[in-house]
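Note that subunit A is present in both complexes that follow, paired respectively with subunit B and with subunit C.
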Partner chain A sequence: MHYDTIVIGAGLAGLMAALARAERGERVLLLAKGHGTTHWTSGCIDLLDAGDDPLAAIGRLAAEQPEHPYALAGTVALEQGLERLRAACEAAGYPLAGSPGRNVRLPTALGALRPTCLLPATMVAGEARQLADGRPTLIAGFHELRDFFPPLIAANLRDQGLHAEAAYLGLPPVERSHEFGPMIFARLFERTDFRAAIGEQLATLVRRGGYARVGLPAVLGVRRATEVVRDLQARAGALVFEIPTLPTSVPGVRLFQALHDAFLAAGGRVQLGSFVLRGEGAAATLTVIISEAAAREQRHRALRFVLATGGVAGGGLRADHTGVLQETALGLPVRAPGGPSEWFAPRFLDEAGHPIFRAGIAVDDQLRPLDAAGRVAYHNVAVAGSAIAGCDPIREGCLEGVAIATGWKAGLL
Partner chain B sequence: MDHIELSLTQSLDHCIKCNICTSACPVAAVTDKFPGPKYVGPQAQRFRRAGQPVPDDSVDYCSGCRVCNQVCPTGVRIAELNARARAQIVAERGLPLRNALIARSELIGRLSCGPHAPLVNFGLGFKPARWAVDKVLGIHQDAPLPRASRSSFRAWFARRRRSLDARSPGTPAQPSRQVVYFHGCATNYYEPEVGKAAVAVLERNGFEVILAEQNCCGLPLLSNGAFADARKLHEANVRKLLPYVRRGIPVVGTSTSCTLTLKEEAPELLGLSSEEVHAVAAGTYDIFEFLRDLADRDQLNTEFRPVERRLPYHPPCQLRAHRIGRPVLDILALVPGLRLDESRNECCGIAGTYGLKREKYQIGMDVGAGLFAFVRGSGSDLALCDSETCRWQITHGTGVRSKHPIEILAEAYG
Partner chain C sequence: MMQTLETDVLVVGGGATGAGCVRDLAMRGIRAVLVEKGDLTHGTTGRYHGLLHSGGRYVTKDPQSATECAHENVVLRRIMPHCLEDTSGFFVITPWDDPDYGDVFVANCRKTGVPVQEIPVAEALRREPALNPRISRVFEVPDAAADSFLATHSNALSAREHGALILTYHSVVDLLREGDRVVGAVVEDLRSGEHRPIRCAFVLNAAGAWAGKIAAMAGVTVTVIPGKGTMVAMNHRMVNTVINRCKLPADGDILVPIRTVAVIGTTDVHVPDPDVYGIEPDEIQFMLDEGEKLVPGFQHYRALRAWAGVRPLYKDQDVASDRDISRTYKLLDHEQRDGVAGLLSIVGGKWTTYRMMAQEAVDEIARKLGNTTPCRTHEELLPVPPTEAPGHQASATPRLMFWMGKPLADVEREHAYGDLICECELVTKARVQAAIDSGAANLDDVRRDVRMGMGPCQGGWCIYRTAALLFEQKQASGLTNANTNAALLHFLQERWKGLTPVLWGDQLRQARLDELIYVGLMGAHRLREHAEQGGGLVTDHPAVATEYVKA
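On to the complex of A and B.
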């Protein structure tokens, strides 16, 4: 089959690029090894951890670092991409709040306050300035949900001068007796009987403690989260907000589903479980990519390709045993900070981060991959997301922003 | 340690415990008898040692749908780990009689199919009989069983060949191209119309269809953990199909589970890595994969008459496990007027013989609930699916008839 565009990678960058190209009327295939990093991250959209106005800070960053992915993508692609994402979430009944010109801080599952920019409406009532209004906050959870400890969260919030208390909720009778992961809870919260039982407990706690708001783990429904939160608020008699959990991240799954649905509605095709092994081309034009399949490889042809396979953390880059970094799908040249001895800072939690996380593919302002000599390796390939060199997305607090800006730009080129 | 065992052992270290597999697992979503792919796969595997007791029986509740493999972001081969773990349990404790019976689809097919089929079908549709089978054997009394055919597909093919030969004696048609058709047990004994459609489609594309000797692919045995018996079946198929593959004649099948078994499941799970096994695997195609390859080379006959229909289509787990995309959608999109709505539900719940078992029937029905709602909601009186047991489950769960997509394609050729 012949496609106009094949996008490799089903994370935020790949989804944005695939959606943009499908909505231009192209035949698009989204090919991926598995679910992307959406399922690992908070479900919030971080633009840049730099002061109150991330958009202004991105402008300054782009001027100082002309090879930063934000500089190459440009703020127009970022703002348009964010608008398209918001529209997709809105269409899924899962509106995002916030503005690119303003950072907010939200509690994490450790009770730290973490800056982000766009956030699902289900998390709004947990924003730090609201928590600081002097009225008490209840953090509640379940013994059955691992890795979410309300007393720890509340204690850390109190250490930061916020009025927070903790409680564990009793699990209403369900047909399960063990195994309660985030997605299991999310499905339970879509049931009215389950919500009624939780709402009753919350109402009692709120009455006794005079809480203005209740923070719960971000497991309040998969496809109907906004509705679930609204319903719980009505039952509890207080505002309710979600706090992101450890993976699997239900808010991340919601983002994935909103974009995935929009892409399918635009006529796109998705193929998961398909690891791209290599590409073939000539004269700096990629013509075929080859994916692993049962018994033999599958060949895919397209006019253009988007590589959105992630960086070191996402699996798009791998180090071999000789200490050479490889780009796993197309074997593109990787720009890495010297040899393995220079990859890591001496301290694990080093303020400046580890140099290895800035490794990636060098690209031009059309996001085309460059070889070591700075020549375009493939004219019809765009690289998007964390696979691009020159940025440590997690350290800089720009993981989602860079994915959206470069993904959308790859869709516009 | 064979190559698959080595790759399985190594893939354990790729598991980063992110739980994406558990979140996507259709079985863990509906029951906690199955704690999820991560626990019974990469985690429990570290406690499985030869000569030591199996740490946990819950792996038997894995349906083998392979959704975990598809979504894993780090490439852990979870479904294979589970299948091998189940085989270890069977090797230690033996195969329960019920599983030994339902895993022998060829034997059951041969006993059911024939002039006496109406009697068999009556018996299997007779509630008290099913109740007794449920109580005695543990095959759920409501589980979907196929209706035996009065005449096998091979018998039809042989009759047709004789009448063709009688009509034009001495001058056999000489199509330039040949294919071996792998019909599988279901087509031969229950749904010969699928085979007839496949023959019609292949002949319309200028192929001579060869009905090579073949036997059950062994998948029901594999998924019930009876690896030693499955191995005999696969080795027999390799012997029977190899001469054709050696001559460059592709093996094409309509049962996407059988073709996956020949291509990958049998060699990988059984650790068979001979050149002969590889040759047969590499020469085997799902029929729509084969037709799509023809289309890619501009060799597909596209003289379709319009089929003005809009139909729900479920790509079964076993097709997804080929990792070849959606060849049915690619090919049927070429038929004017025909529009397919793809099901986004992961699994129908039957998983071959899984949903037939008394203790697993309800799990299967719960897994399939989303798909059933999708099919019913389509308002269509017909659903399409590439796998036979899934078709029977869809019809059982919805009351809507189901067909193999090749039957629609044969209609389009008129």
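On to the complex of A and C.
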């Protein structure tokens, strides 16, 4: 099979790029080792943790840091990408709320308030300004779910001036007796009998406590979350919202599925479980990539490639014990901040983050990889997402935004 | 100041030695109080290599030490089987070692009473296939892996059962002297900041590398040179036997399998202060290189964490060079030595010889007090703390040596899968709760008690879970969310110190994923303004801060 484009990496950046190219009528293969960091994140779309208007802040950032991935991708790609993502989620019955010009704050599983920009409808009622309306909020969870603890969440919210209380719900009788992870709960919530039992308990609590809304762990269904939340609201007699749990992130899985389905609908092919070992090419043109799956090597040809394998977290960059950073799929040159002695700040939660995590592949404004001398390494390769140098997406609060902007841009080039 | 506490003997230091002393005192019916500035094992005992020595390491350079180890090896196997894993030990001659030392080693083992037996290389390789096939000779000795957290807690539990009082997070800030006699100490309760006098007939200084600082409070000079050693834990038991290089003691020459990991160590660098030292990148590299000589491919295993401890090397007044410092221990009676009565120091030694050290110190104090009850610490089994087997009667727990499958078997017996707080180390909710109940002052104490957060995930999941459980359990007794936030932030930072030296490969990736969880998903850093020490926790006090400084 000969492809027009092969996208390496199935995180948000890879999915966006693959979708864009497939919708232009190309034959596209999405090749990845596993899932991306979507499964580790909140399932919201963070654009930038800088003030109330992230879009305006991104504009300023791009002017100040011309090598920042946002500057290279441009705001048009960001806005179009966000639109496409919204449409894909809408089509999956999982609408996103919010607007790129406004940050909102949502409670975390610690009860901190974190800024984000677009959020699933299932989280809307938990927005900080709504929580501050003076009416009481109930945070409820399950003893069996070890990834979400209502009392601490509620206490921290109270510390920030919000009226919140906590409760544990009884687990309705189910077949299993142990090991309740977020995905297991998500499937249970898709069952009507399970929801009925939970809804009944919530109704009692709401009646007694006069709660305006109930915050639950973000495990309220996988494919039908919006419906599940609506149903629970009706049963509880109060608004219901989700708060992200420890990974696995069910809202992250939903985003993945919405884009994955859209890509398949556009005729794309997905091959997971393949690890790209290397590429071959000549004259700055990549012709073949070689992947390994189940200990067998496989060669894949295409006219064009998108590298969206992520940064250190995604596995796209890897350091060895001698302090050398490598790009794992194609062996592209990595721009890193000095040697290991400069990689880390002494404080884990240092405001500025750790220099190592700004490492990545230097790219031009076509997102093509550059070598140390600033020459284009491959003309037919675009790099997208956290693999790009010059930004610490977690600290800057732009993980999803950068992935979408650069992913979509890689799909348009 | 708070009301004065009265006792016969005040033991300073909650490491192996101090805990051993207080147990021995209490078992002889002597009233005793132990004060420790941090948690039990906060000092060197919590940062050592994990080896119950056979004595083999010392047969040539320090024969007395070898004999002491050989003696105590037998005793500790008898009294604390639940703290030991009977790994056995090999001394191997690699191509880098002097082949002639083999015969010297065997002869010296015989002289010092260290049981030894040469075994064929082929047999050693069959038992330990990962070993370097180019080794030329192998000698087997009765080494074992030892859990010093558990052992110290077991000693403390026994001491309490015999009526002793143990005060952790109590730091000695002054010794009380009346004329030529020490009559007590002033301790600061780090939880409340209050100072409290303790009056006693004897102060027993068992403060390890800090013993010089304690003695100085009574105007007595004790020179203890802190000898820093660095160790690296690898995420794989590539061997199940302790592997020693058969040569004179040097750096990076022992590999100890303990629980789920194998630990390579150590170095020996004299540092000016036991509270201020760093881990240098070249120490880590050296350790990996030496590991490679024992187990080819060593560098490719995942290094989980690095830590360092400081040896309490006692320098006698008549020793000229630091290099001639012996590894044996010494009991100093400051009445005879310096003309200051009421103060004794027990210094030097090893974890393996802690009980013997305690016995010698307590024999002397008992003699002075006119107490004639004989020592029984070598005969009486140690009790098992509740963190090991919550819900069980300590004495009803079967006395098995630790084995690799034990945590899993415990989990299966209790049907506790759904209750795992730390998946990497198979720590159940009940054990975390027991650790919290037993008075943990921060999450690092819980880690020490149950090994939560020490596996490959670096605490990604269990730090949040444990913090939340702490809050739920202690809320009623006054712990606030702000105290909990402080505990969480404190622990994230403590953990980071041990990680930075080994962050590459999968470990670096995991660190980044944990950053994604705590910064990205949880917004832990946003709770800094809502964090405050208190509620019975100690999360921010200079007395227990170990400063890792960058080289």
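Just so we're on the same page, the second predicted complex is superposed on the first by the 410 of 413 C-alpha atoms of A that agree within 3 Å, B and C clash if a C-alpha of one lies under 4 Å from a C-alpha of the other, contacts with A are read in each partner's own complex, and residues count from 1 in each chain.
Here is the rule we go by: a contact is a pair of C-beta atoms (placed from the backbone, for glycine too) under 8 Å apart; a residue touches a chain by one contact, two chains touch by 3 or more.
Computed from a prediction, not measured in an experiment: that's the story for all the values here.
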Of subunit C and subunit B, partner touching more subunit A residues: C
Touched partner set for A:159, first subunit B, second subunit C, both or neither: second
Subunit B versus subunit C as contact partner of A:151, first or second or both or neither: second
Partner chain(s) touched by A:247 [first = subunit B, second = subunit C, both, neither]: both
First (subunit B), second (subunit C), both or neither touched by A:394: second
Which of subunit B and subunit C A:315 touches, first, second, both or neither: both
Subunit B versus subunit C as contact partner of A:129, first or second or both or neither: neither
Touching partner for A:40 - first (subunit B), second (subunit C), both, neither: both
Which superposed partner A:349 touches (first subunit B, second subunit C, both, neither): second
Touching partner for A:187 - first (subunit B), second (subunit C), both, neither: first
Subunit C-contacting residues of subunit A that also contact subunit B: 37, 40, 177-179, 247, 315
Subunit B-facing residues of subunit A, complex: 1, 29, 33-37, 39-40, 176-179, 181-184, 187, 247-248, 253, 264, 269, 271-275, 291-296, 298, 314-315
Residues on subunit B engaged by subunit A in the complex (per definition of touch): 18-20, 22-24, 28-29, 32, 35-36, 39, 66, 69-75, 260, 263-264, 281-282, 284, 292, 295-296, 320-326, 329-330, 344
In the complex with subunit C, residue positions of subunit A that touch it: 37, 40-42, 46, 108-114, 144, 146-147, 149, 151-152, 155-156, 158-160, 177-180, 244, 246-247, 249, 311-313, 315, 318-321, 323, 340-341, 343-344, 346-349, 351, 354, 356-357, 394-395, 399
Residues of subunit C touching subunit A in the complex: 281, 285, 288, 299, 303, 415-421, 429, 460-461, 464-465, 467-469, 471-472, 475, 480-482, 484-485, 488-489, 492-493, 495-496, 500, 503-505, 508-509, 512-513, 515-528, 530, 550
